[in-house]
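Consider the two complexes below, in which subunit A is the common component and subunit B and subunit C are the respective partners.
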Partner chain A sequence: MRFKTSIKNISVLTKLTSCLSSIGKLAWLKLDEDEIRFTLMPEASVQVFATLAQDTIFDDYRIASANENVINLEVPLLVLLRALRSCASASDATLRLTKRASDNSPILCLTITTSSNSSISSGSTLVTQEIPVRVLSGASVDGIREPMCPEPDVHVILPPLAHIRSVTERFNKLSLGSSPSRVSNGGDGSRLILSANMAGQFKMRLVNDAVKVESLWKGLNNPNMEQAPQSTGDRPQDEFAKVTVDGKEWGKVLKVGGLAKKVIACKFPVCARVRYNGC
Partner chain B sequence: MSTLYFVLTASAAQRIHDSLVCLSKFSEYICFEARRNRLTLSALNSTKSAYGAVTHSSTRFFEEYRFVAGDRGVGVDSEGSRFTCRLYSKALLAAFRHRYTDTKNGRTAIEKCEVSFEDDPSRPECRLLVKLICRHGVLKTYKLTYEEVDLMAPVFDRDLARNRWTISSRLMTEYMVHFGPKAEQFDISSDNGRASFTSFTEKVMEGREILKMAMHTNIALDTSDFELWDVEDKIHIAVSLKDIKAIVTHAGSLNAPISTFYSDPGRPLQLAYEHDGVKCEFTLMTMADVRASQTFAAITRVESRPVAERVARGNSAFTASIRRREPSRPQSQSQSQSQIQQGLPDDEPLFRGPTPSLSSIPTLSSLTSSLQVRPNAPAQPTQMRPPSPPSLQASLSQIPASRPMTQGLFLPLDSDDDSDDDLAKRLDDWDETSLRWDSGGNRGAMPSISVVRDQVAPQMRDQSESEGEDEVVGPTQQVSQVCLFFSEFCVVGSG
Partner chain C sequence: MDENNPLVVFAAKTSSVRQILSLLKCIGFIPKAQVQISSEGVRVTVEDSRVMQAHAFLDKNLFSEYSFNSPKRNPLLNLAGHDAEDIEVDDEEDLDSTISFGISLSALLECLQIFGADSSFRERERWGQGGFSTMEHGGIPENQLAKPTGTCDFIYRGEGHTLDLILEEHEVSTSCQLTTYEFEPQGEIPLARDSLAQKIIMKADWLYDAIQELDGSSPDRLTMAVSPRHPFFSLSSAGPMGSTSVEFSNDRSLLETFQVPVAVQNTYKFGLIKHAARAMAIATKVSIRGDNLGVLSLQFMIDHDGKTSFVDFRYMPFENEDSDD
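After this line comes the complex of A and B, so read on.
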């Protein structure tokens, strides 16, 4: 099993890791010849499937394994993030899978060369970060698949995530303050109702015994997806499709705003999918 | 009755705060030692493996400084009278809180800080009075209770330190950023003309727990980054990462170059820096970097070593020492015990080679060196260890690299080998012969003691014997294995 690559786009990898670490602690990292995929399936409700072509962030990428050149790793995201932060002033960074000489435990070894950019440091400095990982067998991850989602009713490009996030946080606070008995609320977090239509509108709503608030964004784009929503013909353009989400989880998801440039939310009758096209 | 009174400017109060933050990482008590020409704040950690002292010059640091020695609780030595006491560090930190000294915050910024000690024998409580004179005529007063104590400080002879280096604290702070917060130890070494700092944790985990392990970090530096670099190659010493971080942060706040002095693993190391009337010295006990032997973490795999391998090592130290003490014990018994120790569940076959630990079978000395007790861990329970013949004690100190560091900076290396019975007697012995403390006040009484354990013990009796002595049960051992060790020791003891 061999994996070695140099990292050419450190900032994207760092941002991605930082986004993912706000959602879960451990990620399944699947590396194959063309793609790298981070999958998070924490016990909470948000699952993340992030796929990147390996050449967007890596360079000089070499991978080999007995399992058709696929390597599955379980990676602690906070540790990875901490290691990547060391790269801030790196002139060169290399990532490879190896075993620690002393105890044979598998590690992702991140080797960082910082050139003498600091005014007081004259020589080059070599930083090595050893991130403990667990190698997963192909069989153990076979069962993990991206969930099948039905065709979307509506899709819309969301307004800047920072805006939605600050509104979401207010909603969450309102919900906490206004519902003394959370049990009646059906859970410990607030329930937000998100809705959107094909006329460029997106709504966020909080309704409970004490408050009723709603934010409406207008003039958004409805992108042309490859597979046009099948129901477009049947439903009026301004009819809203609704989903209910947990306010806290929604807030966490919105943290990816640091990375994403274009965010598409798709609304389904039973579930919602948020897609990010970053980089 | 001693009186101590001093006045600090706002920036000096900030300095005091920084020092208190640093020292409070070592101990929950901070000691004051006042003399005519200086005031020292110091802290000694609970295992006596780390000591820090920050000395403030009376003329350069303080705006005003008055110290009059009294009779009570005062020792007199060559440098004149002194007054010593200790305070609870949290209470002190509350008084010198950062937001009071933060000059950017105009509203609460302090203009002056007056500190006085009320040492009035007619009143039962001893008080430290801190008056913060702030803007807009606000006066904040703290009354803290202190306890008069006799202070002890390690004496470190820098002349005996063969290795020394000096580095700018700014650069060092930059490097320390790379070290994650969870690792426990910090190793310093020199290899092929490059300096190397490594953080590591000795705890070994299995299965999913692997992912909770701390990240190990290594930094290899060009020695030209150092103002002075005079270090022997291949010497590995390890100290607590937490201590080093606290010290480097403090040195960074003073922006003073840090000088480091040490000789060998298992002997103390000193870090020192000085700036503008503030002189700091930190003496830390070091451990050998167990990773130098490249086998340290094979400990937990000892039990998975094939029986044949274990028996074949009939001349190994451990078996040898068992046989020596228990000549009638049949070899088969040790074999069967080895067999019981087999069977480590191998839940991750993907990453294990066919003979994972054979390539690095630890010798017992390296094995035990990896079982060192962390400085702040509780001492090993004595019943886990075989009672040792006292005659062995001397020989042990010759292999400091493999000794646990339970008893800290200043006690003999073999201090944890005692059974409860003769512990007290042994402690008495140490007081007479080996304890190397400078308690300042009675320096005249013990003039010969000036160096912290920088000497080699006389004669080693038998290498294998002392290695056998070193067998301890590590903190991460499985219960079944602990029982095995225990039962083995019982057999040894009854023989």
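After this line comes the complex of A and C, so read on.
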């Protein structure tokens, strides 16, 4: 099992890792010849699937394994993030899978070369960061699949995420402030109802004892999706499809948007999916 | 009660949400407030421990449109929609030209801040992006981003209805329906204006600094002493960490108005005085008045874009240290 690559786009990988680490601590990293994929399945209700072509962030990418050149790793995101942050000013960084000499446990080894051109010293500094990982067998991750989603009822490009996030924070505070008893009883004090339609509108709604709040964004785009051509059929354009989400989880998901340029939310009868495009 | 009462009792529109928000924040230390609406403006009152009250008055000049149709003044409405009970209440209350209800102030404040969320985010982004200010904000030209152009509508349809806020800004509109509660008359803490023992007008900043200074020793009580002779006006406190005293001399540049016929000393709960800290911090001037029973009024003058608003705090003194005894 061999894996070695140099990282050409450190900032994207750092941002991605930082976003993912706000959702969960451990990620399943699947590497194959073409793609790298992060999958997060924390206890909570949010799951993340992030797939990138390997050449968007890596260069000189070499991978080999007995399992059709696929490597599955369990990576601690915070450790990875800390290691990546130390390469911010690096001139060169390489990542390889190896074994720690002392106990033979598998590690991802990040080697960072920083060349300094100051008057005092010239030359380069070499820093090595070790990220302990667990190698997962192909069989153990076989069962983990991206959920199959039916054709979306509605898909819409969300307004700027930071904006929705700040509104969401207010909503969460509203639900905390006015019904403390409910929070302590069931922990579901913050249920937000999200809805959208194909007429470019997106709504967020909160209802509790003290207040009913609803924010409505208009003039959004409903993108053309390849897998769901505009055959929304008999569904009226302005009919809202809605989902109920946990306010806190929704806030976390919105943090992930740090990297995204376009965000597409899709509403299905039974589940909701937020898709991020672009880096 | 007629649930579908089409008659709007109170409707107002404003583009100066920030001012209203900052006034209400001054009294935001208690989650529940009483609201009284009249043809002159909206008065929001909170009370703590029955010994202090704070009022924020939103004058109608803070709103670009303001309409108030008292249901009690309108005989047609009385005939059409209100039962005998309502009319009875009217007779009891002398305030036939106001409507009153309770409301969650904390929810109202959060709602008003949803409005600001957008512009503050844009500001942050503009600063954060540095040179990249040409970034698109959903196609809104840059010059429009500089100042928030949103408006806020307040609508109240009468007893039993919610207080509705509609915040509109660019492509976003937020509607909030705040549950209204039954009005709990609180009996205003009376300040005997014709027997004032003290009247001092000074910069609110200086009072703020003095209170901050005293707060360092985490005191329980604040003693306010005024006298026509030295030390004129002193604020002192004693707490577990020691005692502190701040004295103001009677200087025109310091105390704009100083009317104290005889020496008076009263003690108030420090924690309650601290409730006014936010008002002290943003107000330009404060008028400190006390009557012969020791009732203290702190009235803050707050200026926003040439409009002046007032926030008023009233305190009852500790009885055992009443100097009148």
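We adopt the following convention: the second predicted complex is superposed on the first by the 262 of 279 C-alpha atoms of A that agree within 3 Å, B and C clash if a C-alpha of one lies under 4 Å from a C-alpha of the other, contacts with A are read in each partner's own complex, and residues count from 1 in each chain.
Throughout what follows, contacts are C-beta pairs under 8 Å (C-beta built on N, C-alpha and C of every residue); 3 or more make two chains touch, one makes a residue touch a chain.
Keep in mind that this is a model prediction, so the values were computed, not measured.
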Fit-or-clash call for subunit B and subunit C when the two complexes are aligned on subunit A: fit
Which superposed partner A:Ser215 touches (first subunit B, second subunit C, both, neither): second
Which superposed partner A:Pro132 touches (first subunit B, second subunit C, both, neither): first
Subunit B versus subunit C as contact partner of A:Ser102, first or second or both or neither: first
Winner by number of subunit A residues touched, once subunit B and subunit C are compared: B
Which of subunit B and subunit C A:Lys173 touches, first, second, both or neither: second
Which of subunit B and subunit C A:Ala162 touches, first, second, both or neither: second
Smallest separation of CA atoms, subunit C relative to subunit B, angstrom: 6
Residues of subunit A that lie at the interface with subunit B and also at the interface with subunit C: none
Subunit B-facing residues of subunit A, complex: 1, 26, 74-76, 79, 82-83, 86, 99-107, 118, 120-137
Complex contact set, residues of subunit B against subunit A: 168, 170-171, 174-175, 177-178, 180, 204, 208, 210-213, 215-225, 291, 294-298, 348, 350-352, 356-357
Complex contact set, residues of subunit A against subunit C: 159-160, 162-163, 166-167, 169-171, 173-174, 177-178, 209-220
Contact set on subunit C toward subunit A in their complex: 31, 104, 106-107, 110-111, 113-114, 117-118, 120-121, 124-125, 137-138, 162, 171-179
